[in-house]
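This structure is in structure tokens; I'll ask about it shortly.
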Amino acid sequence: MSEFNFKNNIIHYEVYGEGKPLIILNGIMMTTKSWEIFKTAFSKNNKLILVDFLDQGASCRMTESYTQKDQVEVLRELYNELGIDKASLCGISYGGEVAIQFAIKYGDLVDKLVLSNTAGRTSPWLRDIGNAWNAAGENENCGQQYYLTAIPVIYSPKFYEDRLDWMKNREKILVPYFNDKTVMATIKRLVISAENYNEVNNLEKITAKTLVISCDEDYLTPMKEQNILKSKIPNSQLVIIPEVGHASMYEKPELWATLVLGFVNLDCNIKLI
Amino acid sequence: MSEFNFKNNIIHYEVYGEGKPLIILNGIMMTTKSWEIFKTAFSKNNKLILVDFLDQGASCRMTESYTQKDQVEVLRELYNELGIDKASLCGISYGGEVAIQFAIKYGDLVDKLVLSNTAGRTSPWLRDIGNAWNAAGENENCGQQYYLTAIPVIYSPKFYEDRLDWMKNREKILVPYFNDKTVMATIKRLVISAENYNEVNNLEKITAKTLVISCDEDYLTPMKEQNILKSKIPNSQLVIIPEVGHASMYEKPELWATLVLGFVNLDCNIKLI
Amino acid sequence: MSEFNFKNNIIHYEVYGEGKPLIILNGIMMTTKSWEIFKTAFSKNNKLILVDFLDQGASCRMTESYTQKDQVEVLRELYNELGIDKASLCGISYGGEVAIQFAIKYGDLVDKLVLSNTAGRTSPWLRDIGNAWNAAGENENCGQQYYLTAIPVIYSPKFYEDRLDWMKNREKILVPYFNDKTVMATIKRLVISAENYNEVNNLEKITAKTLVISCDEDYLTPMKEQNILKSKIPNSQLVIIPEVGHASMYEKPELWATLVLGFVNLDCNIKLI
Amino acid sequence: MSEFNFKNNIIHYEVYGEGKPLIILNGIMMTTKSWEIFKTAFSKNNKLILVDFLDQGASCRMTESYTQKDQVEVLRELYNELGIDKASLCGISYGGEVAIQFAIKYGDLVDKLVLSNTAGRTSPWLRDIGNAWNAAGENENCGQQYYLTAIPVIYSPKFYEDRLDWMKNREKILVPYFNDKTVMATIKRLVISAENYNEVNNLEKITAKTLVISCDEDYLTPMKEQNILKSKIPNSQLVIIPEVGHASMYEKPELWATLVLGFVNLDCNIKLI
């Protein structure tokens, strides 16, 4: 457990293992703790770095508004803190959006880039879904309502049903968590920090080899968004995980690890001759 | 404008044109008024019948709980009222669910069956999405919140963006509508009336020629649900409208009319020989 | 059974029924006889016009080379012969390609346009598939070989298996047909007449309301080609028939008729207001 | 370069690198030489084993007929020759079919299983496509014809066009190769050896962790076949490579290597808790 200071804000991060560095960037309601089941696999041949963004997990609670651009600078500072000059980035959803902006601004610092369930912009449609979440978080004791509004849609209908026990347990944990006003305030700020995100016209500047992971039952960042990433990012590859929703790393953890580690650790160019 | 009495409840219906009868069954938040732009086309060669279910439009507000099975009996009574012994049914979403249950119970009364954006059951996942809607309708002045929770997800992201003006106008109309406590109470009861719906194991009893319309950006009743309908309903056909969401009749009105009228009015058997 | 003279070549055509005229344009190995099972349905409310292109069916055998542009003029002459100044066109595959070129050149003569299993150009890949067919037709008694090379791939694997008896009967009819050198020569010329077809950059000139029918197991003119048609033809709609191959009108005859007749005979504009 | 004797037939194989053994199984027209561009990457952390089946590459030309069951025994003997008691298998197309049959019979010898562009059976449709290939190989100097019949359809239309120079070079190499009667005889026997393959009902016996790679423009073993593999093989995962055809390892070599190596070398169980 380590931390550093970013503009007077504490940033929490964790490092495991040795090897080519791989930084995992959280989705909006995730924290470093969300990656527990992946830690062994991801630190076996890599230096795995987990980090809580501003307003996430063990990092500081913010008092002022901010945008994803600030999270990009948090990530830049993390490089300094770790003393590394190149790392692979793997972001999911919100984390993928930060990864995109980082790769555009600090291309030299990015080895490989993995974008899972990520869009190149917050569309008007997605913005209003974010607004629905924030509206659900307005009232006292809104934990149950917030859960129902934001969580089922993150999973594919099949997973939700097949793993109903797991989901119900999740509900038991998340409802009191969402009932906590301080927590809810952080989630709302995180949602707001992404609402004007739009890097579609800058995607062509990304130089890193990029893997785009798309899921055909992702109802928050649908496959079309990843098709845009694939078509605009010059050196990119696209794979589709069928019958899986937005939270792909939980619905298919081994397959997700296969894709991320397989891509990050392949260090040959393989080309037709 | 006509009405009849169903167990002391007023049921509103409308009839236009002459020809083979075609009854259109509303989605959950729709009314007979929702079909305005289709009336000319649908009544040109058909007797078009529109109807408000219990708790919809100009039909009665309920005081007791009910299920979709009651809506099936409303529809049965409508046949009596109209003095018809066979009609084609076209239902979208909630209306398609009622149509399925009607076609299972009263197969002899159904000519052709069109199921647009319809599922064979309310899955646990969809049930919790319904619960989220109902939770969003709990508070005072919840119109804006309800709009954000229930409406954007009904449309494909592309339509929502391309027709943002239309959507924003829709929001202006719907927010005060949802703010009305009486209205909100009807919507909630309608949601509840569908929550235990499951006819997957009875689909094979449907004898009517059936057209299943599926949309590949339908995030409420995803394509998988229509694949189930197609595979279980013996005499069924499946078409997919690409890049369209749950409210397909508004996103692609002419194409939707093409499918419905083309299917209902084809009165030949065409088979390979 | 009627015919007219096109530059000293006999063109065979057939007319059935009365109503808005609808001209069906054959795929490459089809003739007016191929539409037998559709005649009743298509002539019920329409004047149905079937026609054999140059080198097809009961029309003349050619001695000189020609292109699809000549077939366009055959079609133009058919309008004269029939004394009609507007008709809907429905073409499948080769017939759809001719329909596209006609709609670009003679837009005023086209009411509605239906393009089933059609591409906007002959890609290098498709050209070499055509070359494989022509190579298979080179040898003496090549009927069996030609059948195997050109026919199974026209159908979806599922249809081929489900209707194996029908396919085997088809094989019995087609092998001697393909063994006929005169017939084979016509097919080869037809293939060659399409090999330089490319109207992708002219698709935007089509003014007719257009329905594009795409099939997700069409391995000759895959869905991507119809996506191009949809994106370039201004007033176009796209539907997908799932689990169906290139010969969609035989795999799903009723659904195919539903789409064509539904589209051609809808004569209202239906727009969101 | 090594070889061993299988029932008086020479089997050629090659071994590169050290680590967990990974045996690559060729598609029908491939040889150990086909994997040249992958050798560095695949032997970096693994003992890579390439092998020519009966009638392939530097292995013997057969004089008697055989089936894929014999290729399974060749593979079994290769284990003996190498003195290994467990290896991961990665097969593409024909090689995947042999891998499936091996994994059913010799489950204890299989570590991980990768099935790329593979079906669980030779359907009647695919059998007739094989028959078309064999018919194309009947005549003298059939190289050009065989190329046109069997090769373009192996690639996606987009790849064929984007890499037209590479394809034309391929044609230059393959036409004389296919003109060689001895070679053509081997290919025909290989096609025949697969024609009665059907293990759909035995797929449930596979115990190895399995990755199924499916490509959405694979027109020989379409996605449906991989859906069957996924649904029947108990411990299997499915990924889709979009816009790619049957020869996926050439169309997207780095992505293909990512998937294979990522899957084979992940040696943790990662499960939701």
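A few points about this structure:
By letter and in written order, the chains are A, B, C and D; residue numbering begins at 1 in each of them.
The rule is short, and it goes like this: a residue touches a chain if its C-beta (ideal position, glycine included) is under 8 Å from a C-beta of that chain, and two chains touch if they have at least 3 such contacts.
Owing to the predicted nature of the structure, the values given are computational and were not obtained by experimental measurement.
When the contact pairs of A-B are matched by residue number across C-D, B-C or A-D, over half of them reappear in C-D. C-beta contact counts were set side by side for A-D and C-D; A-D has more.
Of all chains, D has its CA centroid at the greatest distance from the CA centroid of subunit B.
Between subunit B and subunit D, the centres computed from C-alpha atoms are 49 Å apart.
We define each chain's centre as the mean of its Cα atoms; on that basis subunit C and subunit D are separated by 37 Å.
Listed by chain label, the pairs that touch are A-B, A-D, B-C, C-D. Touching subunit D in their complex are the following residues of subunit A: 36-38, 40-41, 44, 163, 166, 209, 211, 237-243, 250, 252-255, 257-263, 265-273. Every residue of subunit D that touches subunit C in the complex is listed here, in rising order: 123-126, 128-129, 131-132, 135-136, 138-139, 144-145, 148-149, 152-153, 155-158, 160-161, 164, 217, 219, 222, 224.
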